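Below is one structure; the comments refer to it alone.
Going by the order they are written in, the chains are A, B and C; count residues from 1 in each one.
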Amino acid sequence: MTAADRASDEGQGWAVWLRSAGRYIREHPGLIVSLVIIGSLLATALLAPWIAPFPNDAGTATNLLATLQPPGGEHPLGTDLVGRDVLSRVLFGTWSSVGTSLLVIAASLAIGVPIGLFSGAVGGWVDEILMRVVDIFLAFPSLLLALAIGAALGPSLEHAAIAIVVAWWPWYARLMRGEAAAIRGRAFIESGRLLGLGQVRLATRHILPNAAGPVVVQASLDLGGVILTLAGLSFLGLGARDPVPEWGLMVEQGRSLFQTHPWVAIVPGAAIMLAALAFTLLGEGLRERLDPKGATRR
Amino acid sequence: MTMRRLLLRRLPQTLLVAIGVGLVAFGITRLLPGDAASTWAGPRASREELALVREQLGLDLPLPEQVVRYLAGLVQGDWGVSIHTRQPVLDDVLGRLVASMELVIVAMLIAVVGGLLLGMAGARWKGRWPDWLASAITAILVSAPIFWLGLLLQLTVATELDLLPVAGRYDREFRDAVGEGSTTGLIMVDALLSLNGPLLISSISHVILPALVVAAYPTGLIGRLARASLIETLGEEHIRMARAIGYAERTILLRFALRPSLGPVLAALALVFGYALGNTFLVENLFDWPGLGSYVADSISTLDAPSIAGATVVVALAYLAANLVVDLLRPMVDPRLR
Amino acid sequence: MNDVTMNDTTMNDTTINATPTKDPVAPLLAVRELTVEIGGVTLLDIDELETDRAEIVGLVGESGAGKSLLQAAILGLLPVSARVTGSIRFDGIEIVGASRRTMHEVRGGRIAVVLQAARAALTPTLRSDEWIDRALSLHDVPKAERAVRLAHALDAVRLDPRLLHRYPHQLSGGEAQRVSIALAVALRAELVLADEATSALDVTVQAEVAELFRELRASEGTAFLLVSHDLALVAGLAHRINIIERGRIVEHGGPEILEHPADPVTQALVAAKPALPRADATAA
């Protein structure tokens, strides 16, 4: 095989790869779009201090000479009531809104998954009691539970995050418990038990990988929900406080100005929508692969 | 299984959860910052007055006794007295609940009809432009922050275009009529019952905008669920058979595929109800709607523990009731579940 | 052959012995030079396939051979993206490219279908009597006549009328299959496409249904196109058998092809037992 042949073979290889990639994109547009958006969000969250034109505006800096500037020029998305650059604040807000939501989901998983796993794997009256507790938490609509707890704890971004975690972990516990209980009955677990494997090792080695699929799907879908809930809490004044550039808070700050200076509220709201949309699409795209049986609640 | 058996099965579980709900509500009241007694008595109260209030509220009793006293009170209808309205919490909360429910019910109706239409469009023309459009719409509805949506609609429809009222539940001129003719507390229903045309129109025009906003997320959710469920049903053998029998595609969608597909939608309905109820909380202060949401907002700012607890309990109970109703409805819609 | 709007009720009124008013020599179903292409791939390429009136014809092949696609073509139910050339004539009516109005009478009313999954084929949320009644109504059978036709059909398929009050999930496989067949009889279908109609039933019920087909052919004059992978079963019933492989008819003839299969595909089908995967034909 000559070098020319080898080269043309390689060229063919790239073309084939491109074509199949193109086909994949056309067949799964939602997934690709969501990944692109999420990638951008993560990049923004990490790189905000460097790409934002007025990084200090995300903190305590104010510019009372340039308040309520309409979008254009130095401030592509305008400025708010105290002259802060909206674009910069929105970019920094990625960390406050999306970043916090990621942490909330991570914490909810960290609490809910082990509890559900334990409950489902062990069964018996332990299972019954734990699931009753979960039921009690799930008896409240999530937003309202988070609201009540947030109110009790006092307004701050951290408290809002904690409140949401308290409201959210039961979903994962119940989901995980369902999967674990189903797998518990399967043959190879039985044989595992006969061989005398330790309970914990049993659980993590066998149940976790199988049950992971629906949990991952649910978590992705929930990220959108958590972002919206967090924004909602901040909007009500129970979450982040000024000057934290959390998107929900920014919408609230722009509320009274909406008729005359709409951009102050519109921009952060659009950011919330974009992020929630990305994670919803991600979750749905993953669902086909990871949870075809539909164990997730949405 | 029969409806009675289903109810009997669910009752002990529901009861247990209800008690748990009461406990959580109690816990929240104790978590709230501030001393309940001084909040109640006011900043100028003397030490004796404070002690008296403390005794009245039962704050000097040991904790387990307080819990029992609170739970017993809930059952008997004594939910405490609201600090900021000075009314019994139960009365407050029930009245406000009805107002919120009016919003939620209208929103749910919009959501079910709208969601099913979107889902049907997506399933019927799967892969073609109506599907893309319907999917885009539901995706946006599910992702848009509701308070933002409310602001946008308020600005465009109400303020700029002046098509609908900006806020409130009815025009001020009807205030007396509402007080007199109130049977259900649902103003639209009452207006219908008392044949008060102008009030009916006024209340409908006031409810449309907030209901649309509250309905946004549920519509999107139902739309996506319905589409997925319909597509799955349309792939089933009995649909293939119906086509071979000669039914038109539209008939197949509406008469053969729709009902068997309602299962997942119905299952999610209770959840959706919960979301809608939560959403009203976000929206009520935007539209000056005198429901539970604004009540809770006021209670939070005044650190009114009994009110917050009472509102929490009633919401949880409403949610539990919704779940029960949905579970009872499911076998009626799909005979396979009987 | 004139085949404008089929206002023809004469066929429906004929008894088994009366000669049809149409040309007695022309087949009931005639597929000629039919090609079906989807997504650039030619999935069907059939030179000739015929069914006469009151004849049982078999179409045998493995899954993926094109059996379902051919049925869809006959019913005019191919996907929108399919490119079709050639002709499918049913009683002189051209089905390829037919209008919706033409197909309204033919599909379901004159050509009926019986599917493999007997219970799954019935609408789960309807009782069987409602299911049949609606289908009769769709095909413009006047209300007064429906009860008569139903009674006759139940008699012909030997189905207890009380079973009609049940939902599909309350019926056995054999009972559900009889419901489908009863519908075909009530609609006075001249041709029944039996798509693996017995494959999912157990052996005794299979034999009953096969016997039922034979009876209906004699009593109602119904023609059957038995579509199946089970050559032995088809050979026991059919007057003529077509073997289909990769969209083409590779062999056709009477039941004697079972004894002397000419084509290797047929040979493989003869040799294969129904439940096991067949030996790789390409190795031949």
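Keep in mind that, in the parts below, contacts are C-beta pairs under 8 Å (C-beta built on N, C-alpha and C of every residue); 3 or more make two chains touch, one makes a residue touch a chain.
Owing to the predicted nature of the structure, the values given are computational and were not obtained by experimental measurement.
*Asks:* By label order, what chains touch chain A and chain B together?
*Replies:* Joint contacts: the list comes back empty.
*Asks:* Which chain lies the greatest distance away from chain B when centres are computed from Cα atoms alone?
*Replies:* So the farthest one, by centre of C-alpha atoms, is C.
*Asks:* In terms of C-beta pairs in contact, which two chains are most connected?
*Replies:* After counting contacts between each pair of chains, the winner is A-B.
*Asks:* Could you state the distance in Å from the CA-based centre of chain A to that of chain B?
*Replies:* That gives a centre separation of 25 Å.
*Asks:* Taking the mean of the CA coordinates per chain, how far is chain A from chain C in Å?
*Replies:* Chain A and chain C have C-alpha centres separated by 53 Å.
*Asks:* Using the touch definition from the top, list the residues of chain B that touch chain C in their complex.
*Replies:* Per the touch definition, chain B meets chain C at residues 236-238, 240-247, 256, 259-260, 334-336.
*Asks:* What residues of chain C sit close enough to touch chain B in their complex?
*Replies:* 75, 77, 103-104, 107-109, 112-113, 115, 117, 120-125, 135, 138-139, 167-169, 180, 183, 193
*Asks:* Please output the residues of chain B touching chain A within their complex, sorted ascending.
*Replies:* 13, 16-18, 20-21, 23-24, 28, 31-33, 139-140, 142-148, 151-152, 154-155, 159, 221, 224-225, 264, 268, 271, 274-275, 277-279, 281-282, 285, 296-297, 300, 308, 312, 315-316, 319-320
*Asks:* Considering only the defined contacts, which chain A positions touch chain B in the complex?
*Replies:* Within the complex, chain A contacts chain B at residues 132-133, 135-137, 139-144, 147-149, 151-154, 224, 228, 231-232, 235-236, 238, 248, 251-252, 255, 258-259, 262, 265-266, 269, 272-274, 276-277, 280-281, 284, 294, 297-298.
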